[in-house]
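Multiple structures follow.
Two complexes come next, and they have one chain in common, chain A, joined by chain B in the first and chain C in the second.
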Partner chain A sequence: MTTTTFADRQVELTDDGFFADPSQWSEDLVPALAAADGIDELTDDHWTVIRFMRKEYLENGTGPNVRAHGKTSGYTEKQLYKLFPKGPAKVAARLAGISKPRGCI
Partner chain B sequence: MDLSNDKISIVISQGSLEGVYPGLIMANGARAEGMEANLFFTFFGLDAIHKKHQEHIKVATVGNPALHVPTWAGGLPGVSSAMTQVMEHKMEKLDIPSIPEFVELISDTGAGLYACKASVDLFGMDKSDFIEGVDDIITVGEFYEMAHGGHIVFT
Partner chain C sequence: MPRNIVILGGGTGGTLTANRLRKHFKPSDAVISVVDKNRYHIYQPGLLFVPFGLAYADDLIRPRERQFKKGIDFYESEVDHVDIEGRKVFLDDGRALAYDALIIATGARIVPEETEGLTGDGWMEKMFTFYDAPGATALARAYNEFEGGRIVVNVADMPIKCPVAPLEFCFLTDWYFQEKGIRDKVEITYVTPLDNAFTKPRAASALAGLLDEKGVKLVTEFNTGEVDGPGGRLISYDEREVPFDLAVVIPVHSGAEFVGRSEGLGDALDFVETDKHTLQSKASPAIFAIGDAANLPASKAGSVSHFEGEILVENVIRFLADKELDASFDGHANCFIETGFSKALLIDFNYNQEPVEGHYPTKVGMPLLKESRLNHLGKLMFQWFYWHSLLPGRDIPGINPDMPTSGKHLN
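Showing the complex of A and B:
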């Protein structure tokens, strides 16, 4: 566990960079989180995916993996990988302030 | 952990259902972690990217002790097809894609799909035999160049 500062706010992150406490997250942190993950420009599509991730987590206790995401979010897996080349589920979960989705597919 | 600088090259050399899926799952999982991933299909593994064969990949029911079916029974007509249906049904329940869909998805993730030149020549195939997502037919030397600096997994 590490304490890191994003947009002048201190947040607790797990060792692999996910929010330890999702309640510490708010949307104003997203641009700084995105920059840390190599995404300099957040498009509307990025925001839609991040908000979808957050909503799924709040409703189900976990964010969707890429496969589930591709089936339910309205974006194909191809589009998701274009938006988040370093791994759609992993990076979008990090930006949405939730834990890493688990799953092999 | 940031794995986005890691690279994996996975060789799929078998044409049975249980011989193809592990490599596909590993390649897909590597891309989900942000890793660079390439799949190299060789020998009977070519069936997984072959237009006509990829929909008909079956569980090997002979000489497969972990299936807990006697070898003589596994060889009876229809047993392999029936066992494959059971397996596919179970996989569908877990939302594991079929092989054709999975290969296409993996191509969509940005992973490379390559066919082994020696095997393609051996079986008298050419690029037109393969699905659209296949990037190229390459030699073993070209494979090593592509895999250089990363890990190689042989399945």
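Showing the complex of A and C:
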């Protein structure tokens, strides 16, 4: 667990960079979080995906994996990777301030 | 009037549930019906051994109806959809079955056509899967003829049935080509979407260590976007490539198609939305799900269906009697991991407890997370227990639904 500052706000992150407490997140943090993940320009498509992740998390307790995401968000898996080249499930989850999507075992 | 209990799917979960319910209810109290699309019950854990000539697909298959106790009605049909409000199941042939309680046990299916290129040029020639009988049999021929080159074992995406099977496949591939005397001509690479060999830290590190020991390369966080048969390449969505001469791909999985056609029943991948402790569907109190068909955060494995069975049957009985459900399923899973050379590992875990070292079921049991011959014998013996004890719905002495902790090294 580490404490990091984004947009002058202190937040607790897990060791792999996800929000330890999703209630510390708000939308004004997103540009700074995006920059930290190498995304300099946030498009409307990015925002749609981030809000979708947040909503899924609040309803189901976990963000969707990329395939489920591709079937429900209106974006194909390929488009999601164009938006979040380093991995849509993880990066969009970090930007949406939610915990690491559960790897199903 | 007898109550109508309808069970969709006559595999591991459906069969053991039907038999346990039949033991509990007199024929005058309940009519029990099972629907399945075909008449053949396959022992799925045996498919792993087919490509290595250690089992034959025909020996893994038995008639479905013969696994049911007397007094269970069998319908051979696809399911069209479930009318949740009307409490009816509509079959493909137009018949409708009314139910007081419905149990969905239709498992998970592989969907190779969902991955670009996988079922194109080279499918069943240089790209295979061992997750069904035709694939495992074709792969046995290909392995027998293989003279050297690059083999990749690729999990296209999670969730999959038996998440340890691809690792076992790597270990057995190493053993097989050593036995053949050409291991030095074979490069084996395990390509996974996970960030390590397995999901949970202690098991992941033990299994990654075994891959390394056996000379199997590990490529992680690889989400397969395309399989290029003619070019011999796996291509990830983030545009990385892994070349191959022979690819063994575990295709993406979905739930049964009728789940998608039944409004409100399933999630995006057609798995039934299910309460993880009571096994009741979130769509209706009269619907329950068992095994791979459910969207629980547990392994998709036969042992999970086995452990769920007792609690599920108790809850169906309670539901029909208007009693409060028993919320006691803890996500218990128990898997043998074949590692080649007549050895195997055993892992035992649940929703909260990751696999650790120690012994199962107690301090004097089988070693956990450690290779041993005893575990290998356990794995082989399990097939007998499957047909003669697990499917008939008998309890196996000492093996209980709740995960035991007494033999585990918990810190």
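The rule is short, and it goes like this: the second predicted complex is superposed on the first by the 103 of 105 C-alpha atoms of A that agree within 3 Å, B and C clash if a C-alpha of one lies under 4 Å from a C-alpha of the other, contacts with A are read in each partner's own complex, and residues count from 1 in each chain.
Note that a contact is a pair of C-beta atoms (placed from the backbone, for glycine too) under 8 Å apart; a residue touches a chain by one contact, two chains touch by 3 or more.
Everything numeric in this text was worked out from a predicted model, so none of it was measured.
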Should A:T72 be classified as contacting the first partner (chain B), the second (chain C), both, or neither?
second
With the two complexes superposed on chain A, say which partner A:V91 touches: chain B (first), chain C (second), both, or neither.
first
Classify the contacts of A:Y81 with the two partner chains as first (chain B alone), second (chain C alone), both, or neither.
both
On the A-aligned overlay, A:P64 touches which partner chain: chain B = first, chain C = second, or both, or neither?
second
Going through chain A, the residues touched by chain B and also by chain C turn out to be 65-68, 71, 77-78, 81, 85-87, 104-105
Across the complex, what residues on chain C touch chain A?
157-159, 163, 194, 198-200, 221, 223, 225, 237-238, 252, 267-269, 297-300
In the complex formed with chain C, which residues of chain A make contact?
62, 64-69, 71-72, 77-78, 80-81, 85-87, 102-105
Which stretch or stretches of chain B touch chain A in the complex?
1-2, 4, 25, 28-29, 31-34, 94-97, 105, 108-110
Touching residues of chain A toward chain B in the complex: what are they?
15-17, 38, 65-68, 70-71, 76-78, 81, 85-91, 104-105
